[in-house]
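In what comes next, chain A is part of two complexes: it sits with chain B in the first one and with chain C in the second one.
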Partner chain A sequence: MIVGVARESRVVAALGRRSLSVQFRRAQLLMPTFVLPLLLLAVIASGTSAGRDLREFPEVSSYLGFVVAGTLLQGALLAGLTGGIALASDIEGGFFDRLLTAPVRRSSLVLGRLAGILGLAALQMAWFLLVALLFGASYPGGVLGALGAGALAAITAVGIGGLAIAIAIRTGSMSLMQSIFPFVFVLLFTAPAFFPRDLLTPTLHDIAAYNPLTYVVEGARGLLQDDTSLGDPLLGLAAAVGLAVVMTALAILALRDRARRA
Partner chain B sequence: MSAGTNSPAGVVAWAFWLRSLNEVTRVRGALIGTSIAPLVFLLGTSGQFGRLVGLPGFPTDSYLSWIVPLCCLQGAGFAGAAAGANLARDIEQGWFDRLLVAPVARPLLILGPVLGAITRSMVPVTIVLVVGLLLGADLTGGVLGIVALYVASAGFCTVAAMWGIAIAVHFRTQQAGPLMQMGVFLGVFLSTAYTPQPLLKGWLADVARFNPVSHVLELGRQSTVSGIELSLAHTWPGVVSLLGMIAVFGALALVGLRRMGR
Partner chain C sequence: MSVRGLERAFKGGITAVDGLDLEVPEGEIYGFLGPNGAGKTTTVRILVTLLKPTAGEARVAGYDVVTEADAVRRTIGVALQEAAIDPLMTGRELLLMQGALHGMRGGQARKRATELLDRVGLTDASGRRVGQYSGGMRRRLDLAMALVHRPKVLFLDEPTTGLDPTSRSALWREVRGLNDDGTTVFLTTQYLEEAEQLADRVGIIAGGSLVAEGTPAELKARVGEPTLHVDLAADADVAAARRALSAVGPLVDCADDTRVAIRAARGKATVPLAIRALDDAGIAVESVEVESPTLDDVFAAVTGSTLEGAGRGSSAEGQA
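Right after this comes the complex of A and B.
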């Protein structure tokens, strides 16, 4: 039993490493994942900062520090989606079929890919928080708050990755995966990613309550700003972990279905 | 007959146009990203930042009216970028190599996909406009305003298609898809996307002033924004900007195309 777990752990680690190295081998293709959220952060922080003058806007130490939680969330979404696109590429190229014939547990193939996504997301979150800090964001929650917010977002990336992997396995189409890209922003904007929930229009305010990412972004914001009135970190953790567990199960089920059909 | 080829240019362009339109019926979800995503983005953004119209200096009291042309341009831009992603797929699968040895002028190989992208882009533009109007956006520019919006959208789709094709012939992989879409996002967001020029702060105010997409947005906003009345002064900068961007990205695409197969 222990030997089996150890062996599968090695498989997961190896597949995770491969997933990361394949993505970094063509680093220019990772640019959107690492650069786009920062550009959006810059644009939103500059383009909508006038919103801080609204009466209902909460007191925060810096507007950049407030909206960076949305950037973490966006990074998580992109990291998960990138993992799904890379898997679709493996499927189209035939590599994934070879993996399916290997004497390893099918779930390890999914977990390996998710390990790669987790690694990528961790790097992203550190990068985003550091760059925002250099450009004037303040984190009253300190290092622990920043670590906690980064961890919340990285776990969320695993959940989104699970969803992207499930879609990639079921469709095996990179074209479709590419067209899912804009939906990243749908998920992002139906959560209070860049504006407080109380300032959203009533309809969106209601919808946001059903989006698990709402609790993740608010939790990250609470941790960064050391202010639980902005968001409950425990609620955020529950949402992120719940998403990761459900989506991972979905991806494993999709893989089993595919193997049965093959 | 085209100089140096054996095929009538019009027939070849027509055939490639029809082939690129086949994407809509044969590729699952080909229209999902370009049609539904801008729509949800419209709802999400207007819900997220709708309160900004309360700030002094905003030219309209309806944020939906402000954001409809932006979302039309986004939808058109995604449709254009998809032309690049589809070309990258054709290159990866070897289909494009066969086209390269065909006795047709190389510009015709991209003219068809560009025309197909413009045709496809009319779907999201119309959906966003109709839904926006149904939800209460103003139609201040009348019929001529709508014409201006469609010209802006079709022109921006052409720009995005040329950009996508330039990326496709350079990287020759579908994994460059996010890079194509990132170009569209950057073009749109580094402009007067969320707030008018007077409300922009810091570096974005300067970038948006020189970003040609700001002028294209102004061209389109003559349709729905009460503070931007239909006039030549609001029209010609957008048209000139479109022509300039098409010339630059078209040249990049053609240079890349010429390098292929050498």
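Right after this comes the complex of A and C.
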């Protein structure tokens, strides 16, 4: 049993390493994961900072420090999605068949890919928080708060990755995966990614309550600003972990179903 | 390897494999020959556990491909069509990953990767991304990846498609070497020359079923005996030549006025007999050629059609 777990752990680690290293060799995947969220952050931070003067806007130490939680969430969504795109590329190119002929648990193939997504998301979060810090964001929650917010977003990336992997396994189509990109923004903007929930329109406010990403971004914000009135970190953790567990299970089931139907 | 009544139907009523029976003993190179769409790749995908049969059973190294798929995967090495290798990874990285997939620890995987890179002549290119490799290099790397865990049975699906003659010969040498080491090889190909050069036995598949099976020599013998063609000098007496050669073997009709042909049951051994007979009769000869039936002739005889790439299997065995 222990030998089996150790063996599968090595498999997951090897697949995760491969997934992460290949990500950095694909320029078309680096742009959306490391640059696009910062561009959006720059636009939001400079274009909507006047919103801070609204009566309902909470007291925060820096506007950039407030909105960067949305950037973490966007990074998590894009990390998960690009993981799904990379898997679809493996399926289309036949590389995934090579993995399927290896004597490993089918779940390890999914977990390996998710490990890569987790690693990618961790690097993204550190990058986003650092860049925002250099441009004047302040994090009253300190290093621990920043680590906690990054961890929440990285776990969320695993959840989104699980969903993207499930779709990639079902469809095996890279172009279809790429066409999902706009939906990332739907998920992002139906959560209070860059504005407090109370400032959203009533309809969006109601929708946001059903979007688990709402609790992640609010929890991250609470940790960064050391203010639980902005969001409950435990609720954020529950949402992120719940999403990760459910979507990972969905991805593993999709792979088992594919094997059953082969 | 044992296959009984194997069938695989796809949606839309297409039956790619239709009642296939095969037996491949340990240590053999089995050539699975057929044109595109004959069912070769579907058969291989079933045998390597990527597809499930819709009927029948298949066992590889004694394990059932459906109920003991994991045991099959531990036993086999697979190089599928078109060398599906991630072009963004280096050769060494791919071998290390393959080692991890087969349960090797870091040091063990590194040692094995170094051995295999040396074996397939890719040591100098091991740090380069595979996208920069030539087709032959990719195929060699693909083969090396299939060998990481020292498999008992190696599946090669059209391993030399698209390769130049030099790369093809190099790969053939490697496959022969592996077989000499005791590895059973199941090789699909649409190239006659490849089947003749490598395979101990050949199975011909058409329309999803095995239509002929045997050693290349046995299969060709079923079609007919070799023919010896003699091209005479311009002023030679054709009638005298026909008389002389009829003592060596039965005459065969020949459209060309300066050519005489006989059946050559003994193949190339007939050549000196024919030359001597013609020399004794004082007949000058331009050239002599023994033409044997090819696997394409066998394929044509059993299926009524010809194989793609048939021209690559030369028919001329000997010339004088």
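Everything below uses one rule, namely that the second predicted complex is superposed on the first by the 259 of 262 C-alpha atoms of A that agree within 3 Å, B and C clash if a C-alpha of one lies under 4 Å from a C-alpha of the other, contacts with A are read in each partner's own complex, and residues count from 1 in each chain.
In the analysis below, a residue touches a chain if its C-beta (ideal position, glycine included) is under 8 Å from a C-beta of that chain, and two chains touch if they have at least 3 such contacts.
From a predicted model like this one, the values you see are computed outputs, not experimental measurements.
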Check: Based on the superposition on chain A, does the combination of chain B and chain C result in a clash or a fit?
Finding: fit
Check: Is A:Phe195 contacted by the first partner chain B, the second partner chain C, both or neither?
Finding: first
Next item on the list: Going by the touch definition up top, name the partner, chain B or chain C, that contacts more of chain A.
Entry: B
Margin query: I'd like to know which partner A:Ala50 touches here: chain B for first, chain C for second, both or neither.
Written below: first
Checklist line | Touched partner set for A:Leu39, first chain B, second chain C, both or neither | finding: first
Notebook entry, point to check: If you stack the two complexes on chain A, which partner ends up touching A:Gln178: first (chain B), second (chain C), both, or neither?
Noted result: first
Notebook entry, point to check: Could you give the angle made at the Cα centre of chain A by the lines to the Cα centres of chain B and chain C, to the nearest 10°?
Noted result: 80
Check: Between chain B and chain C, what is the tightest CA to CA spacing in Å in the combined model?
Finding: 12
Margin query: Based on the A-chain superposition described above, do chain B and chain C contact any of the same residues on chain A, and if so which?
Written below: 26
Checklist line | Touching residues (chain side chain A, partner chain C) in the complex | finding: 7, 10-11, 13-15, 17-18, 21-22, 25-26, 90, 93-95, 97-104, 262
Item checked: chain B partner contacts - residues on chain A that touch it in the complex -> 26, 28-29, 31-33, 35-36, 39-40, 42-44, 46-51, 53-54, 78, 82, 85-86, 89, 171, 173-176, 178-183, 185-186, 188-190, 192-195, 199-201, 203-205, 207
Next item on the list: In the complex, go through chain C and note every residue touching chain A.
Entry: 48-52, 70-71, 73-74, 76, 78, 80-82, 84-86, 88-89, 93, 96-98, 100-103, 105, 129, 145
Check: Which residues of chain B touch chain A in their complex?
Finding: 27-30, 32-34, 37-38, 40-41, 43-52, 54-55, 78, 82, 85-86, 89, 171, 173-179, 181-182, 185-186, 189-190, 193-195, 199-205
